[in-house]
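Just so it is clear, A, B, C, D and E label the chains in written order, and each chain counts residues from 1 on its own.
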């Protein structure tokens, strides 16, 4: 029903190119893990190493504690749900879902019963006799899920299952996916390049870049305390501000930046205890610029609004601080505020939300 | 260089099916208009009526004040940028961009010069001698833009020009598109089904549904004061709450809802002055539920958190109000808050941000 | 009123464009009529004179008679040739499709050294005239003392149809099918089962297209069948020798029959396939 | 059932001829047809010894086949030699060193066929009409070099039996002239088609074998032996040396030479021709006899000559001359 | 260790799958072809084949005008046929793709290639009956008084070309049509939008984009046409021989296989030359 996964120093090279570079990762049984990263970063490669479609150049994979080297996809306790669903176009839904059972030699009536059960689980019982091309994208995705679950895998591997859906349907399917995972308890390893999707469904997110794991943790952890510039940038819009540590106390440090001086808690320094003279990069999310009035805020002088666009929940503005005119900061202003390009506004910052990384 | 566009009662039927249903629309010269709507709502149809590729069944189109009936695409002051770019694959970029000039009989050296200028405008001067297949999606899009601009149209028609790009590139191209439009001053009519894109670039958005114009206005206007349930739902996540007007004063009205009673300013009633007994639907965006502490907020009793997911700038929660347990409301909770499913929180609402529409 | 006026002026404008278009489409239809006339002329004459009452399938048309159709059905050589043609066409097409499918599958799904060369080799017979293929085979078969028969004709037809089947099936084997096959393997299907239960059914439209193309070519092929057969001959060869042995409308009758049967088969297939393509 | 493999001219493929033999002897006769001795020898070269049991070949070429060691001896007394037209016994062709290898089975003439309503039959009495301008563009030439070159030789006033290298230049010149005035060079069916459709009015090389079967539908077609004479074709049948069923093969030969077989062969669907066995007359209808011109045979036989019998080199030369003529 | 064997077994499987097709092609195409190439260097001497390598056959080919004419006839006829067929088929395909309403297009296309399914031999023969002096065309034209003398269109090159063109127009219409409908309609719209008239759109955009398809079809036409024996044999009236006819004569009349092989190799070289000329447009690709 469910199993833990352990990836140890997995590397995959294609000629001189390292698609996967010494990746190690431990996944608990029943966890919902999301592999997140830009196109070409190796997510599919890692997933297909787990599924057994690709053999790693080096390293090993353990599922439920058993080494998977040389085990064919069919014999692994994994099932993959492919990005394009990979439904068999010439089979009815019930035959699609029952295919794995058929391969396991189940008699027809029994497998039809079971397949019906899984179609019911995903809410498509009434369409059992249709063919895949008669379904909408979202429905196909559910059939693919039912088919993968029907063989009762310990680990379900999902390669961008929601990539082809439009935004609205996507959000809806995310909720369903999460709900089904909770119900069946299977370990899910889910690949996506959409950070919103990752945050919405993951127990833990693995941020990948160029074949390496950049960051790893619960969604809020990665968003609020990214461990690398890449991770910070990938999880959402962010302003990078170069700075230098001026003074460092036990529990806080003073950092000098082009727009002013900020005192940050020591815990916000990801790369270790700050020391005077360290070059750091401050990561500031647009929503962390706040009204100067706020009590915990640090004032940073004034800034010009160079442009503003309404984004529904907020205005997205480009700001040019007076102290460093050449900088362009992105800040979110409240929906209710009236922002006019050219206006001057006071700039303030909530220091507890700022992360300091070693300068690149 | 630029011209106004006026569409009067345009209708297009395909057999019994109305692809476009009595659409009237006035566009100012130099405006950036976005046609927004779900797939199949008639956006492309409207655009190709403007471009002259489709003849309307009824109604007329005026561009720069001149009736376009019977005017061929080539003779119209419009150029279209197609969804698939339609770059001529056998021509180099410079020849693609220069094609329109060539058709106008410009000598080679002159048109090459001009084409070079437009390639420069879109930052592809150095690739002028490449063929389209050697370019990335984003680059192709820019060539298509350059080709369309090269013939100096008064109105540029863009059919989902960014549809094929990935999210990041898309956001980047949006900024560029907007910047170029500002520079050249041409009227842009841009089609998309991505509401974020629409908000990011439009001067005015036209929300379409089933061949009709549902809403029309600046992005913030449409987001904050949608004129129809469809428009409200399409522009972003929204909670619909059924209610009934109990009392109506001159400048405000009291509405009874399953979760409590809310007093709304009369201006928030889109469908006209409220009268007691009216059935209304309140549109409440998730970010408009606020901390009960806020001074302008209306308290609505308490609610259970049924599920919560971290979304970076906020937590997206599903709430079940105590007063109406069967309802499921979506609310955004601040990033800094700690939300645990099962917890009970006080529910409050900023009435000024709520829109009341006639009940469906 | 104003609206009416406007509508009328735009009508005039439309009218001018329409005139040009009408002229253009008139020319198109004229061309269409002429070329269809050209294409159907020999068939029409063929069918008409198959009903000729008399020995000469030339004008004037003497009257309507079915005697030549009777003659066709009474001619056991002709019926034998029909059966032979059918046998050779279907068998060689099945072999060509099978080999073509397997090769296309391997070359599309696996990275093999020299795969471009292999593809070239498999396609190569398409660029060589049938006569040369037939002569080469004839020479080699002679040297090895292999007796000419329907089998050797079949071998020749597989040689010419294999590239065709390979190309058609290979072209339809897109990368988007890879995941479907992986899914099947992932769900426990063996290689053989993947191929028979998933890949082949999935590609059935193009396999069928290749098969029918190949049947068509084999059915009508003359030179290979002529050079590589001895006693049992296929229809084109039999018709050829009928033609050499004297003039009579029997050849018209058999030609018309083949045509009518092919058209019927085509219609049935078309309806079946069309029905399917409309659904998807 | 036994099988018998026969290499034949197309007239033998008529089921009306073969089926009675098959039924009577419970065998299946496999027939492979060819045209022209070269083609037949070519097929034999591509075969294994024993592949063939019976062969039909131009009488004048029997020796070529004997010399290649392909034909087997037949018991002379098993054949109805006495019933044959004396001119068609052709011992010098069918026997060698006193052994009989083949027997003549059918004959006819390569001469001039024409549409008597379109041309002046008087003009056809002189062979020179085939290279004269009078009927330019209305003449078809039968596409078989041996009888055609023979006809030219006759037209030049010489005997085919004397044809040698030295005659070739003159012949080539006439061939060229013939090509110039002709419309086409064609095989049997194209010739028939051309005559029947009026594409041409004269067929050089034709004879009863072209016109007889069309007699009913095209009564205007006629043929004539010009005053210089014409070619006489004769085909022989023999048993192959390596045949695995010599007895059955002989039986087949006997059947073909029997009066019934001869009558059927004479009127076979592919082409008609005179039977060599005089007794076949009893089995032919009067109309058929008329089409074959049964009663005129003595006169024709007197005024016709056999095909030339070239050496290998001369044969090559003749073929080249023929090909050159076509390509001109 | 295990990884290596896994990949090896995959590869072995793949080889097993291509092997039958490759073996078939090698055994029944490559070897015969090489054998023929070798045989073209032997020669026929009287009744025997001289198995000594020499260039006699080729020398003979170039010295005998009748043989050389065969090649030039073949080339002239084939090129005429190819060009004419493309010129006739392209407009037909274009009209079907552009002018015929969508739902009738399939029907129109099938109609255009329907005669494909009459027997090739019978169809060629049918042309003979059509084109001859007493044939349908001449009788009809005489009947309506358009001509006073029958046209000389049978049993000559004209007839051969007509017979060929009839066949290849059908073939090319099919290939060109499938190319035309694969083009995005937006190309045409974009060109029109940028000011191109119908002709300019066709000349600058549609034609270049369909050229690869046309060239592929034309090359196939060339290959099939130059190697065909039936049509010239039935319709040409033997007034001039094409290479395949001469090849058949070598086999049929003299069993001169070496010469036939040499002529075949020459035919093959002509095809190769054609291939080289249009190679850059030819493409056989996976979708």
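What we mean here is this: contacts are C-beta pairs under 8 Å (C-beta built on N, C-alpha and C of every residue); 3 or more make two chains touch, one makes a residue touch a chain.
Bear in mind that the values here come from a model prediction, so they are computed numbers and not experimental data.
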Request  = Name, by label, each chain that touches both members of the pair chain A and chain E.
outcome  = B, C
Note = Hop count on the shortest chain-contact route linking chain D and chain E comes to 1
Query = Leaving out chain B, what pieces does the complex fall into?
reply = one piece
Request  = Pick out whichever of the two, A-C or C-E, is joined by more C-beta pairs in contact.
outcome  = C-E
Key: Innermost chain, where centres are averages of C-alpha coordinates   = C
Message = So the centre of each chain is just the mean of its C-alpha atoms; given that, what is the distance between chain C and chain D in Å?
response = 40
Chain A-chain D separation of Cα centroids, rounded to whole Å = 91
Query = Quick one: chain B and chain C, Cα centre-to-centre, how many Å?
reply = 52
Key: Junction residues of chain B, two or more chains touched   = 72
Key: Contacts with two or more other chains, residues of chain C listed in rising order   = 58-59, 243
Per-residue overlap in chain E, given as positions that touch at least 2 other chains = 129, 132, 134-135, 234, 251
Remark   = Touching chain C in the complex, chain A uses residues 51, 53, 72-74, 78-80, 82-84, 86-90, 99-100, 103-104, 133, 147, 151
Note = Listed in rising order, the residues of chain B that touch chain A in the complex are 39, 166-168, 193-196, 199-201, 218-220, 223-224, 235-236, 285, 287, 309-313, 316, 332, 335-336, 353
Key: Contact footprint of chain B on chain E as seen in their complex   = 184, 186-187, 189-197, 200, 204-205, 208-209
Inquiry  = Taking the touch rule as given, give the residues of chain D at its contact with chain C in the complex, in rising order.
reply    = 5, 10-11, 13, 15, 30-33, 35, 46, 48, 51, 187-189, 192-193, 196-197, 213-214, 216-218, 269-271
Remark   = Seen from chain E, its contact residues with chain D in the complex are 46-47, 64-66, 69-70, 73, 128-129, 132-135, 152, 154-156, 234, 237-241, 246, 249, 251-255
